[in-house]
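Each of the next two complexes has subunit A plus one other chain: subunit B in the first, subunit C in the second.
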Partner chain A sequence: MAAVTQAPPARPASAPARARRGRLPAWRWAILAVAGIYFLLPLYAALRFAGIKAYGSVFSRTGFTDALWLSVRLAIVTTLITLALMVPTTVYVHLRLPRLRRLLEGITILPIVIPPVVLIVGVLQVAPGSLKATPWLLALEYVILAMPFAYRAIDTGLRALDVKTLTEAAGSLGAGWGATLWRVILPNLRTAMLSATVLIIALVLGEFTMASLDLYETFPVWIVQFDQTDAATSVAASLGALFVTWIVLMLITWAGTRQARRTGGGEVTLFTVARTDTPTGS
Partner chain B sequence: MPQTDTVAAPGPRAGSGAGAASSPTRAGPLKSAGATLARYAGVIPFAIYVALGLLIPVIAIIVGAFQAPGTGALTTANLGTATHGVYLQGFENSLLLSVLASVIPGILGLLVAYAIYTAKRGRVLRQVVITASGVFANFGGVPLAFLFIASFGSTALVTGWLGDIGLHIWDWGFTLYNLAGVLLVYLYFQVPLMVLVILPALEGLRPAWREAAENLGARGWQYWRHVGGPVLFPSFLGCVLLLFGSSMSAYATAEALTSGTIPLTSIQIGSFLNGNVIAGQENAGKALALGMIVIIAIVMTAYALLQRRAARWLR
Partner chain C sequence: MATDATHDAAPARISGAAGQSPAPAAGAREGAAVSLRGLSRSFGQVRALDGMSLDIAPGELVALLGPSGCGKTTALRIVAGFEAADAGQVLISGKDVSGIPAARRDMGMVFQSYSLFPNMTALDNVAFGLRMRKVGGERRKQRAAELLELVGLAAQARQHPHQLSGGQQQRVALARALAIEPRVLLLDEPLSALDAQVRVQLREQIRALQQRLGTTTLFVTHDQEEALSMADRVGVMRAGRLEQVAEPPVLYSRPATAFVAEFVGTMNRVPGELAAGGARVTALGATVAAHDGHEAAPGPVDVLVRPEGLSVTAAGDGNAIVTARTFRGAVTRVTVLISGQAEARIDVPSAEAAAMPPGATVQVTLPAAPVLVAPRRAASDAPALA
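Take a look at the complex of A and B:
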């Protein structure tokens, strides 16, 4: 659940406060070191186990291309539907129904806590047969699973903007609601939407529960089935996916920060509530 | 699944709202019913999608939990099956695991988040940790299980290192394949999730409050005891409840690690879907799912109440 967004520049803190935020006492280093060991050691062990050779052979394994292609198509469809649904809704709620923001936040947190295994039971029961026969049912449900990430990404992005002023300015220049959304708000939400996209792709490329119970061989399902015969290859494939996602996210954050600095904004970070003294849009 | 034919969703609101959708920006402050509907026009596509993709499947589970398989007659037999024997044990294990796998990573995640929060803004460290959290929070299943088997398995790398310095952990009863082992593995995605969800709350602590406290002569611990702690606590508890839900949801990781040897509700539901059921008990899986929904509903109600308290300070 994370989103790259632009936080506004921190208000100038007093000198002692800045100094306190600037240094890292020993106990904080200790915490980060222990966390670092816990997270990196298993990665190192797995990489050593898989060996370097496995990476070359991943691509030539049977089923790899089909499974990856299915997952890629699902990721594209999921991303498109999610953005088309969540961006206008979130912007609209921000601008015109700020009282619904809390409700929207509550609804979009549900897919994190409702177990996918529970959801797929109900989905398979009510979905029409024509839809169950295609993998697109999965994409439609992945949109639900992606809502927490997408909503939070766009919401944090919007909080960092002065949406109300932007909209009013666009309106006084004669732009309608559609034009404002498309030509004023969307360009300002580029970074937020980009990070939402990366996280949606990561989610779809890693989702196992629903895909396996819906009996489609997506990339993660393929990895598990392959695991029976050649653990090293499948681990190599999934670690590869993990690192690629991580690097892409870092690049987005880095590029977003650079751009924000150029345009006078603050740091771009993941899933940060913008610190504004006056709530926007209310 | 927008094409479901069991549409029950927003109904009248959807109908009239769609008509008014052409001019949502002109509704203005008018208080008439039509204007109110027009105001809500912009959220109708979202409402319909959530109703079809989330609400109706959940309702179908609740109804199915009370139906006899085949005939569809009303019955409580499914609930009886789901609350006895191995299934009751599944609920007990799931609850115990989820409590541990939400409180422990909750505290650890708070510590890590605080360490990052106090690091200077814009530091590389901060960005590395936060992006890593985004990725690791989504990591799970067989790959994750493999990571730990490759490092803490009975003959694996880290186990070997520990053995070299005289710590033969597997001889002392350590195993990855019981609840404690699953808990160790769950930390791998729960701690990053906590870091991500608690950071906004930490960022919401205004430096001005700390400065005010210091001007009044408060020491560090006094600030946390009387200002920071009370403000942060509802958010912290809310995030822990979120982790609880996330841990209840986890399916692939536990399945990959234990292959079903520990009774856990999510895995039992999965096995019903895979068709591993005794005849006449087909709908017991839905009763299990209903049990989970009830637990999640209680947790989410508590979460909503806590968020409302937290919102007083964090906006």
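Take a look at the complex of A and C:
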């Protein structure tokens, strides 16, 4: 899993920062080494455990394509719904209801505070049967789960902009609401929205609890099923998923950073962290 | 109130400015008359504007000057359409625009903070207003390029805002505001974030451009030097009202109220005695004429005199003691304590100031010309003496 932060533009400080990077003190190297071992050793162990052959067999296993395709579709739909809901809401709160920012921050943190098990059991009680019959119920649940990450990414992006002045400037030049949002605010939030997308994709591709309780075989659920019978394939699939997710996230980050450099906006930064609910074998 | 006292004296140079401009193609349009009528606006308990009225002639540049919180920015934002007035009207060319949203008011605005769109080049920023007005691609680009040339930034057309200095950004913002041929140009402290040197250059450039295009301009600032050097007329605001609107020299030499007198330039308060009838005042051992229109009652008053108005000579039996001396080039500012109670700052030719070291006894005298008189200020109101 990956976490993303959006760093505000810090051009004046960059020169000395670059100079400092050259001579990292020894204790920092030590911490880096310890952390590196902590993260990389299990991966290496998993690699050794699965063996090379297991990687080939992952693709031929029944349900692999269906499970992966379901997870990808869920990631896309969740991202679209989340951005469509959160961007206008956050922009509106920034512009018109700045006093509600605290409240919104509190609300958006709830999905982290409430365990997914509680959420899903509650949802299953009240969701209409027709919705329960489709995997899109899962997408709606993921929208809730993604809210804290999406809100924070977009909020940070908006803080780096002077939204009020930009909106007024656009208004004085004759732009209505639509044009202001489409031509001025959204282009400058591209980095923030990319950050949010990275987080949402990583979340959806790794989420196990809800999908499992909802009885849908997403990619993580599919992996865990093999855990009982064929541990080597399960581990190989997890490692493969980790690697592919990482590649996707790096690509998005790279694209975002390039864009940011051109327009002097914020920078998408990525640091990988392990998440407890990502089933990377057992 | 003295608001309208000098309002008919709108400068005559405007009429000639628009027509004979060397580059009338870019941004020139007959300036509109702007009229603010009894504007009031409250934010909660705070009355930001309290029945403010102001008339701006076509092509005129009026600066609103005042301390922070005096309501000058609120007034500008009401004209722009970003705020609605609780009461009162804004008339542009005689038409009430109160119901018209900002986007359709045709007003160019330059903001205090950098307001360029970070995702667009300088050229695209300038072209934005034209794009919103559906001006075609080629013509739009050409006009935007003309405007950039007008502010001297043709070479920076393809750069993004973060590659431009603060002064350049504000010039692009000015070009962007002028590109839509605004009926009114609104400047909200556009120079206050810039270095002193850039600020002086840019204010001359803005003024020259504004005169060349003949755009009616409302300029908000807290910097009196900026207001006095750029504006046709300056309106001094205090607590949501205009204290005085006048041409800069009038504002300086004939301030309507004690507030204006002390807010604009340096002003000394010398204790005096107003004679019955209120026409003559005695101070520093001399009796001179008082300007009419003052609010003081006969008896103890303060006489208001500029640093260059008082004269001082070295004299062993004088009425004041020099407390400080600051060399400023051609003149030296000498600070004196008069009769052990009132401090005054006096500008003296530097050659003469050599004879007045701190501690020396000097004779301070009033000018022969009429002076301003204000009610005696209680000791507790007075700023702390050095």
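We adopt the following convention: the second predicted complex is superposed on the first by the 222 of 282 C-alpha atoms of A that agree within 3 Å, B and C clash if a C-alpha of one lies under 4 Å from a C-alpha of the other, contacts with A are read in each partner's own complex, and residues count from 1 in each chain.
The rule we apply is simple: a residue touches a chain if its C-beta (ideal position, glycine included) is under 8 Å from a C-beta of that chain, and two chains touch if they have at least 3 such contacts.
From a predicted model like this one, the values you see are computed outputs, not experimental measurements.
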Handout entry: Contacts of A:Val224 with subunit B and subunit C, given as first, second, both or neither
Key = first
Fill in the blank from the handout: The answer to whether subunit B or subunit C touches more of subunit A is B
Exercise for the section: Considering only the touch criterion stated at the top, classify A:Ala179 as touching first (subunit B), second (subunit C), both, or neither. Expected result: second
Problem - First (subunit B), second (subunit C), both or neither touched by A:Tyr38 - result: first
Practice task
For A:Pro187, decide between first (touching subunit B), second (touching subunit C), both and neither.
Solution key: second
Practice task
Identify the partner contact of A:Glu168: answer first if only subunit B is touched, second if only subunit C is, both if each is, neither if none is.
Solution key: second
Exercise for the section: Starting from the residues of subunit A touching subunit B, keep only those that also touch subunit C in the other complex, and list them. Expected result: 11, 176
Fill in the blank from the handout: subunit A residues touching subunit C in their complex are 9, 11, 161-162, 165-166, 168-176, 179, 183-184, 187-188, 190, 262-265
Problem - Complex contacts: residues of subunit C adjacent to subunit A - result: 80-82, 101-109, 111, 113-119, 128-129, 132-133, 160-163, 173, 176-177, 180, 186
Exercise for the section: Could you please specify the touching residues of subunit A with respect to subunit B in the complex? Expected result: 1-2, 7, 10-11, 13-14, 16-17, 20-22, 24, 28, 31-32, 35, 38-39, 41-46, 48-49, 85-86, 88-89, 92-93, 96-97, 100, 102, 104-107, 109-128, 130-131, 137, 140-141, 143-144, 176-177, 199, 202-203, 206, 208-209, 213, 220, 223-224, 227, 231, 234-235, 238-239, 242, 245-246, 249-250, 253-254, 257, 267, 269-273, 275, 279
Completion exercise
Touching subunit A in the complex, subunit B uses residues 1-6, 24-25, 39-40, 42-43, 45-46, 49-50, 53-54, 56-61, 64, 108, 111-112, 114-116, 118-122, 125-143, 146-148, 150-152, 156-158, 187-188, 191, 193, 196-197, 199-201, 203-204, 206-207, 210-211, 214, 242, 244-246, 248-249, 251-252, 256, 266, 269-270, 272-274, 285-286, 289, 292-293, 296, 299-300, 303-304, 307-308, 311, 314-315
